[in-house]
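One chain, chain A, appears in both complexes that follow, with chain B as partner in the first and chain C in the second.
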Partner chain A sequence: MNEPNHMRRIAIIWFALSVILTPIVVAVIAPTLPPGDATSAADNQLSDDTLLLGIVTPIAVAMIVYFAYTMIVFRRRGEPTEEGPATRDNRAVHIPWLVGTTAIVLFLATFGTVELADAGAGGGEGPEPAFKMTGDVLPVQVIAQQWEFTYRYPTYGGVETAHLELPVDKNVEFHVTSLDVIHSFWAPRLGVKADANPGVDNVAFVKPWQEMSFDIRCSELCGLWHGYMFDTGQVVSESAFEEWIHEQQRTFAPATKFLPKYSTQYFPEPERRAG
Partner chain B sequence: MGPIWARVTVIGAAVVVLAALIALYVGNLVTEPPTVSATPAAAHEVQLKLKTEPAVGPQGANAPWVSYLVQNPEGKWIHSTIYQVPANSLVHVTVYQFDSDSGLRNPFLSQVQGTVGNTMTVDGKTMQAIPPEEASHTFAAPQMGLIVPLRGVPEEAENPCEEGPCSLKQAHETITFTIRTGKPGRYRWQCFVPCAAGFLAGFGGPMQTIGYMDGFLEVV
Partner chain C sequence: MTGTVSARPLWRRLIGFNLLWGIVLGIVGFYFGWWLGHQIHAESLSFFESTNQNDVALMLGYVFALVGFLVGLGFLNYPLSRMRGHRATQAEKEEGGVGRYFTLCTDHKVVGIQYLVGIGFFFFIGGMNAMLIRAELLRPSPQLFGAGNYLTLVGLHGTMMMGIMTSGILGPFANYFLPLMIGARRMAFPRVESLTFWLLMAAGAILMTTLLFGGFPTGWTGYAPLNDEANYGFDSYIFFFALVGLSMTLLGVNMIVTTITMRAPGLTWGRLPIFCWGAISTALLMVLAAPVLIAALLMVAFDRGVQTSFFLSSAGGSPYLFQNLFWFFGHPEVYLLALPGFGIVLELLPVFARKPLWGYRIAVAGIVGVALLSFFVWQHHLFVSGLNSSLRPFYMFSTEAISVPTGLIFLCGMGTLWRAKIRYRVPMLFCLAWFFNFFIGGASGVFLSDVPSDVATHGSFFVMAHFHYTIMGGLVFAFFAAIYYWVPKMFGIALNERLGKIHFWTMFISFNSTFAPLFALGLMGMPRRVVTYPSNLQPLNDWVSVSAFVLGASMLLFLANVVYSLVIVRKPAPANPWDSHSLEWQTPTPVPLENFDRQPVIDSDPYDYGVPPVPVPLPPPAEAPAPG
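Let's turn to the complex of A and B:
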């Protein structure tokens, strides 16, 4: 009996499954994945994830089909057979594999770099960001300390608050820093994640597109109450934000007079007890 | 007993000792100080009396560490930072503060927040905030929106308490405030002042240990 063309069979099964599964993954599953599309940064991440899923789905299908096919078709039947000869230097396999994986890795590196420079991706870009939002931008400073985030609004008299509120449809420029150890400001639904390092101004951008609540967490293990370092932020209308921020200015006037002049980083003193 | 059995015995003994040390360490990590109930004062009102001491002394396992203590309903001072208070009630808190100032890293935390009227009294005087450099400790429960800065005893004060148990005859500040509890839950509280003498950035040791400068408010 002639040996069937196994590679051709595998290719046909792979092609059929890929044609069915890839559109399902891209059009049905990907849009439901976090972080959603409620902000510019989150939407960028979701678009990137969707594209990458579209690329990886046929690759994953190829591997699964190949392994499943070989396990089914070449499984041992009856008594063990003699071990076959070793296969070496199969260039028909090696060269396409090397070329294919190199092309994929180079594409991903280029794509990631371009996306990062083009949209910031919601990540902390350091003190001199490659990507900047232009036009009317609201600066908000995120101050991390063991174990709470507080927020300063330099364009509103430098008032500091214990909660984060943002106006909808406005470009926001986060300046993330820390007063003690390394923390990380992570607001998944905003699509923003930026390390908070002492003495460092880490800048991240976002534009919220809808009114909503969002969770805030510290994502850097920072001590005893790291797990409790969370809060809920709000994206509200422009008028509601103005009302809220003016109320914060009135409420925290006693503390504001003690605050240092706004700066992108702080080196707080005293540390009289520190060892 | 042959050399092999002697070796097995030594290794076995070493394993037992190591396991006991690990169990002791883990047990120490997961053991919490006792929960102390606030003292009933009136219908839906309780009294919680606390004190802070610059070094807990023989009352605690780490004598040099700064610490909070709480008075139980029988009037005895207990070395604990887990306090039980009723839900939807007024909690009248009195803190006898025996420690000197260390200063706040973030001056924002020098303003009283989350108490009834957003004020406290310091030695009978109503205050909204204190100069941040005068803070010795805070009693703060961020998830309850509560921050109360505690002013330090001046360095020039006479008869300061160096090590607990501190007596009310020694130099101290008396801070009072009232909080209104909401729904039941276990809310962590902490000190925000880097007050851990001798530890990196003042935030090690007692600042990272429940039973000293961190604890829970159990609202039931």
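Let's turn to the complex of A and C:
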């Protein structure tokens, strides 16, 4: 009986499908994925996703083709059972497989580190960020408490606002902190996510590239009304931002004097249940 | 069921050390502890008394309830009789009858079935919680439950599944089959084995009592300082997880010692069935990780009960400490959910592929490699927490490195299928589905391990989809594979094949239809554990909910199969319905009390399937070439 060369057939099917599917995934599907590329951080995230999809697609195709092929070609029906060949191993496969997977892992970790090194890719980096934005930055403090976010602009007299506005094309340095439990400041389109820990200054960087409005949600379970802890922010032109922040300063001037002095962290009375 | 035992009237048989008296003494113990807690007066407790939220009383109640429960079950009898100078004996409830399933029993086969039923019960409750969660999420704003009850449901579902299902495969199947597979007559510590089961059941019951005390709003992670301000229903969470941790630790010790010391002659490490490797690696994780959880939960209990401040930043503690401790346990925990699945799948593939397990050594390397690496990745749960930003590249690398040993498992599966003679029986379908699900789970895990990509998806439904693919798609599919495969051995009756296939396809399709859209929801900005979401996400959420209901219905199909096959039809299964070469199928069904009538001696691994290659006859000697 003339056994066909199964491995060659699998390789051909895999190659054909990968050549068709991988460019479609990378060039057509990936650019439409959230979080988009409206900011520097979102762009870091999307380029990692694109690269990962580009690597995962051919691997997934290989898996599906291999399993589908073996499951169809090597199937047997009913009794009595036939026995397969008693092959136990093929050492020639081990080394290429190990080298291949290890190489992919090393490459991914390296690429991820490179993107991460671009100011932390929008993730919260704690009080001493390993990866920073240099040059002129606008510090914005995000104060989380049960169950809302407020924002302080230390370079504008420490005014505390109920909404977040950011100027376009300017480096923003978020200082995320909490007054009670752990929250997480997540603005998906902005590409920023940073946990708000009580007594911790969690710094995250982003540079918005276009004017837009974006959603803000708390993404760490913070108690009863966690599901209601959301907000909408805006990225506006520099002049509109200046106008807005000065209006905020005027509006909140009576309140600002009673606020505690701007600090990277606040130690409120603990939410103790007794004592 | 003959002789004097069954001749006694029912009421007489109910008196003794059994579940009934365990429950009675447990309730008595609870009220004793509750009363005791209220006798303690202190400045800081006056607040509790005024609100009837006395944490100390509740905790003492749970402690004494547990003690009463165990005493009622008879766990004190043996130590007391030894102290009074009686001879050591193994004989607790080994005489047979239905009664031994409701008490301390030292027969590992009874404990296995106890685990199967007990875990099945709590798995069902956890699943019902999931149904309720999905019902709530049919609309973007709350409709069925308030925000608080919704959080309690989410927390109950997560905690129940992550707690009880840690023993989901080791409990029923390793307890039952590991001794059979290694040719032992029992587990190393039979009484401890029974204790692990009853601790788990006590834990499950304690977790359910949270509903009487207002639930808890923290999810299964129970982060500080939210856990400190939580209602006192959170104390049930603490006790649940601490007891689960204790049960896990003891189970792990038992598995490790049994595998090391009680293997039959000739069963070298190189011949140990791969399922036993999965079990012992899981056991290793349990022993090393679970005590950390117990310690962390004790600290939480002290923070709540007696005003220490391990985790309160305003009083000198650190919420990061809890996150670190929790995930130092928590990440090995998710692998100890996955590893038994690796073992089951690789154990079953050769039987249905009619080939030896391909690459036994690298399969072992894969399982042990995953187990060891899992201790070096926990901070990927804290990628945006603000902790150690300079260590992120390391944790990114170590997390991605886990795909190397996991890849070896896939390689072994692929090698085993190569040129096989595959028979599509129900267990095999579940095993093959495992590869599909776990690949998606693993690949999405690589996205999450990549820090920039994780910033977009951390704490979102993307993560939820990921771990349901690895845990439900990995553990639960392997769990069902194991049930269909081993029920003929455990009960002497096979589950119906046709119903099983209907169950499989319903479950497989609805599972993917439920969890694949969650990846999209997460990317589109839906965080976990929210009761509200933007209305543009409603169509996708409704799709997920309806799929989830079908998934739930597929579990009812399974239950119907169990009732139909095991209760109504009761068609005896053949002695070895799968033609397995593994040692457990060589014993008679039902397995006798001592398993083997004489000590088995092992001379090969259990995978000697297949036709050995016929030596190719040498070609006839060619004519000597003509000179010239």
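Assume the second predicted complex is superposed on the first by the 258 of 275 C-alpha atoms of A that agree within 3 Å, B and C clash if a C-alpha of one lies under 4 Å from a C-alpha of the other, contacts with A are read in each partner's own complex, and residues count from 1 in each chain.
Heads up, the rule we're going with is that a contact is a pair of C-beta atoms (placed from the backbone, for glycine too) under 8 Å apart; a residue touches a chain by one contact, two chains touch by 3 or more.
Not measured: the values here are computed from a predicted model.
Participant: Which partner does A:Thr150 reach: the first (chain B), the second (chain C), both, or neither?
Facilitator: First partner only, chain B.
Participant: So, does A:Met63 touch the first partner chain B, the second partner chain C, both, or neither?
Facilitator: So A:Met63 only meets chain C here.
Participant: After superposition on the shared chain, which partner residues are touched by A:Phe252: those of chain B (first), chain C (second), both, or neither?
Facilitator: It touches chain B, and chain C stays clear.
Participant: In the superposed arrangement, which partner chain does A:Tyr228 touch: chain B (first), chain C (second), both, or neither?
Facilitator: A:Tyr228: touches chain B and chain C.
Participant: In the superposed arrangement, does chain B or chain C reach more residues of chain A?
Facilitator: C
Participant: Which holds for A:Pro260: it touches chain B only (first), chain C only (second), both, or neither?
Facilitator: A:Pro260 sits against chain B, while chain C stays out of touch.
Participant: Go through the superposed model and pick first if A:Ala162 touches only chain B, second if only chain C, both, or neither.
Facilitator: It touches chain B, and chain C stays clear.
Participant: Counting contacts the way the document defines them, which residues of chain A are shared by the two interfaces, the one with chain B and the one with chain C?
Facilitator: 180-181, 223-225, 228, 268-275
Participant: Quick check: in the complex, which residue numbers of chain B touch chain A?
Facilitator: By the definition above, chain B touches chain A via 102-103, 105-111, 113, 118, 128-129, 131-133, 142-143, 145, 147, 188, 190, 192, 194-204, 207-210, 214.
Participant: In the complex, go through chain C and note every residue touching chain A.
Facilitator: Per the stated touch rule, the residues are 43-48, 53, 55, 142, 147-148, 150-151, 217-219, 221, 223-226, 228-230, 304, 307, 309, 312-315, 319-320, 353-362, 382-390, 392-393, 396-397, 400-401, 403-404, 407-408, 410-411, 414-415, 417-424, 432, 435-436, 439, 443, 446-447, 450-456, 458-460, 523-525, 527-532, 534, 579, 607-613.
Participant: Name, in rising order, each residue of chain A that touches chain B in their complex.
Facilitator: Checking each residue of chain A against chain B gives 143, 145-148, 150, 160, 162, 179-181, 223-225, 228, 231, 251-252, 254-255, 258-260, 268-275.
Participant: For the complex, which residues does chain A have touching chain C?
Facilitator: My answer: residues 6, 33-35, 41-42, 44-45, 47-49, 52, 56, 59-60, 63, 66-67, 70-71, 74-77, 81-90, 93-94, 97-98, 101-102, 104-106, 108-109, 112-113, 115-116, 120-131, 176, 180-182, 184, 186, 188, 191-195, 197-204, 215, 217-228, 230, 267-275.
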